[in-house]
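In what follows, a structure is listed as structure tokens, so that the remarks can point back to it.
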Amino acid sequence: MTATLLLHCPDKPGIIADITNFITENRGNITHLAQFVDHVENVFFMRLEWETNNFLIPDNKISDFFGTMYAQRYNMHFKIYFSNELPRMAIFVSKMSHCLFDLLGRYSAGEWNVNIPLIISNHPDMEHVAKMFNIPYYMFPITKENKAEQQAAMLKLLEEQQIDFIVLARYMQIIGDDMIARYPNNIINIHHSFLPAFVGAKPYQAAFDRGVKIIGATSHYVTAELDAGPIICQDVVRISHKDMPGDLQNKGKDLEKIVLSHAVQKHIEHKVLVYKNKTVVFS
Amino acid sequence: MTATLLLHCPDKPGIIADITNFITENRGNITHLAQFVDHVENVFFMRLEWETNNFLIPDNKISDFFGTMYAQRYNMHFKIYFSNELPRMAIFVSKMSHCLFDLLGRYSAGEWNVNIPLIISNHPDMEHVAKMFNIPYYMFPITKENKAEQQAAMLKLLEEQQIDFIVLARYMQIIGDDMIARYPNNIINIHHSFLPAFVGAKPYQAAFDRGVKIIGATSHYVTAELDAGPIICQDVVRISHKDMPGDLQNKGKDLEKIVLSHAVQKHIEHKVLVYKNKTVVFS
Amino acid sequence: MTATLLLHCPDKPGIIADITNFITENRGNITHLAQFVDHVENVFFMRLEWETNNFLIPDNKISDFFGTMYAQRYNMHFKIYFSNELPRMAIFVSKMSHCLFDLLGRYSAGEWNVNIPLIISNHPDMEHVAKMFNIPYYMFPITKENKAEQQAAMLKLLEEQQIDFIVLARYMQIIGDDMIARYPNNIINIHHSFLPAFVGAKPYQAAFDRGVKIIGATSHYVTAELDAGPIICQDVVRISHKDMPGDLQNKGKDLEKIVLSHAVQKHIEHKVLVYKNKTVVFS
Amino acid sequence: MTATLLLHCPDKPGIIADITNFITENRGNITHLAQFVDHVENVFFMRLEWETNNFLIPDNKISDFFGTMYAQRYNMHFKIYFSNELPRMAIFVSKMSHCLFDLLGRYSAGEWNVNIPLIISNHPDMEHVAKMFNIPYYMFPITKENKAEQQAAMLKLLEEQQIDFIVLARYMQIIGDDMIARYPNNIINIHHSFLPAFVGAKPYQAAFDRGVKIIGATSHYVTAELDAGPIICQDVVRISHKDMPGDLQNKGKDLEKIVLSHAVQKHIEHKVLVYKNKTVVFS
């Protein structure tokens, strides 16, 4: 059993010493420590993981104790996660299977410390994949007319199912503001371009038209502004004049699935901190 | 001695056969042949290199013969270059030396089939580098008031010196329309971002502000629209939250010089064809 | 309907002209042509794809005609494939699912022009995946004692099922010489290192012990010498001192599946030519 | 003015707290802190940089105090460097200029906190480059007969000139054991392959013969065993069947110079720790 503490606060001398003392004095064994100081913004970021088996403070009181003793003093934002509490993840898809297979392949191989209780889609196309992996599939077809209503129904389902975070695995609909507000920095999207180049629809066609020599994919948290949220991971692949728009799509698919799965993994491992529309991603 | 033929034309059956027959029947020995068909635009591109030592047609008549017999029939755009005619290249710089050293290091090592008779700058900072390599350095300080006048003087110098193409090695001024019109697809710029992301000034600061995880550099031909000309080469390097704007500049410098030098090399080797604001770059 | 011609022969003037004439004169419409001359070995390589709908020579006579008229004259090795004849591919696995899911994900999405009639394994672990995708799963447990016998049984099954080529998706057994002889350049393996570094067992541990800063994966055709066959694709990923052997395995898994699938795709598209233990891979 | 502390020791709770307390209690302002725990070997690594302007302990006593109070207690290996003491670097070359220009270009642009008082070579070829940059050039031609003698003379010169570390910029001679013993982890070599593949002479030819699809370059500290010392940086570039041995050399040159310069930069910034033939390289 381990606990993971994520925090950021104004940088001050003594923070690391204070926090590591708090853990070790209460018989926690620190297994990972990563910190980073943004000297431009003067902000201190930290991720600390420790074994709680002999920890003197019971799990359900750690947040209270830590908050009272340290978070106030240093003006911290912090969160504590426990390894025995699996986060619950929803996947949204449309018609393409490559990201979905990549996510579920890892999940079914037991690589991720997560539960996936449901898949949501606006189309029936991926239901057979959900069935293969034995995961309930909910269809919410979206039209101009029913959009608000359907998004409300989806949000209700997510709350009933106690979903912690959402992965948009090439879900081609814009997420409503209510859902974004309910899941801040907890909706992960994959955009099929090297953001901020080629925001919006049809980025491969746009890349082809511009004649770029490299294409990319970007996973990011969804915010109210389209394709403008905090970037988690990016990767690229070289193309040439020989690649037609269809080739770009094919080459891009491999990028998309890997970049999305990496972002999901970092999120599950509680290695992503968001500050001012940017991320700190610990390795 | 070799000749290099670059051409593009509407795609039709029989072009390759006709052209290779033309060369071999006149006792040319083909050493490189690269072709590409853009099936979207239905355009055929070709680069052909052959030894002219026993070629039956004298060098100064090849263009005439080829143009009359084939270019008209196939509605071709074509150009023929001879290996004993070194192109004359001008370098424009401002205050930074990394691209300049990379270009001149290759030049002085004899890697490139080119002459560099002059370096032009708006600042005195790089004169000592020009002196190290024994290349005349001309200073044209630019102000708002004298811009048009100085650009005209530069253009005059370039023409006197019979310059074939221009390399902007982090020259931080916008090139005038007259010069662009005089050197179409013959002015190579290096932009310090992964275009089309971060067009214009201060791309590293913009990349830092956006929180991207990868930065890039782009070499392209200069056209009237800023940073929008045909892309020749691009490359990228991974960054992280630890990299401040100064780190991006340092990491980017290595990209810039390599990407610019690669583009210049492709240009010197006559391996770049431009069509509709995009390039075909043969390997 | 298309036909694809793959060939290599000693380089001579006139080959391209002769072959393209043969196709166009018989009313074939060439859709792709790629050629390469190895000037060191003086060998000409070519891949030609054309639409056969109006082709004057019937499919079943093309090989005969082409062989008689051209292959003899130029001393060619050649093969012709037809787009309506799907190659039959067998997958061999052991206990890991990442490559298997990646292959079957693409297959079930209809991305590949191939049939996969069976999966073979020495362990029961992957049977549930085969069932998900509705593909027969044959188990041949291997021990020191039964190895020769089991390999013979496997070979018999492959022949009954008319298998054209085999993909070793992290199958951890050495393939017998009989099978290699029966499937020359038709068994594709994925080795989890950047060959020729770290040949043999436990390459990630070896990479960790050597302290490399980059790890890789290599897909290659299986030959009698272990991990020494013609390389088809390679890719790498950057690591650091923070990565323990387990991290290398996890990062490597993504490389392995992508590199293996790319090699399989190139093979299915008939874009790989083998010559003297090296490959020509057309883009 | 800053001081940089590099250390490693057996991992124990409380080290970070103790050391950061030592600095802050003596009025040092910590500007960079990077640490890493190797959980396999149970070793703690740290790099700490702090401003010494108001530090209560004078520079020349810091090592003594720190050693007595902490290094003994934790059984540390440590070193302290001061930003006003420029390390003295010697460059060894043979006949190729690409790495030399890259090193000297950065040096003359003031990018590096280092002095380069001399260049040593076994050939006269690079003397003109040394003259361009105004750096003394010493020639020690090596033959089988005079090797021991010349290496002794070189070592004498290095000691007279108080050289701290040596950069082998494609110096094609094997370094003698005396010199290696005198400069442990202070001789940086660039090997033109992705080590451990293609150890020894002619790695590009060997890469070509093996038919790899990616080539690399490796910078490492020189140890008694050839090309087997601790790796500092590696990078790679994609090649294809079109690349002949000469193309590999050309593509490799760009890798070599960038990878070597990165390693030199990390060394100058005191960001490399060596432990058991491996490196920890802080970012």
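Order as written gives the chain letters A, B, C and D; numbering starts at 1 within each chain.
To be clear about the criterion, contacts are C-beta pairs under 8 Å (C-beta built on N, C-alpha and C of every residue); 3 or more make two chains touch, one makes a residue touch a chain.
Computed from a prediction, not measured in an experiment: that's the story for all the values here.
Here the chain-to-chain distance from subunit A to subunit C, counted in touching steps, is 1. Of all chains, the one whose CA centroid is most distant from that of subunit D is C. Pairs B-D and C-D differ in how many C-beta pairs touch across them, and the larger number is found at C-D. Taking each chain's centre as the mean of its C-alpha atoms, subunit C lies 42 Å from subunit D.
Mean C-alpha position of subunit B lies 36 Å from that of subunit D.
Of all residues in subunit B, those that touch two or more other chains are 39, 240, 242. On the subunit D side of its complex with subunit C, the touching residues are 36, 38-40, 194-198, 210-214, 216, 230-236, 240-242, 244-245, 277-281. Within the complex formed with subunit A, the residues of subunit D that make contact are 13-14, 16-17, 20-21, 24, 30-31, 33, 35, 37, 39, 238.
Across the complex, subunit C meets subunit A through its residues 96-98, 101-102, 105-106, 108-109, 111, 132-133, 240, 242, 250, 254, 258, 261, 283.
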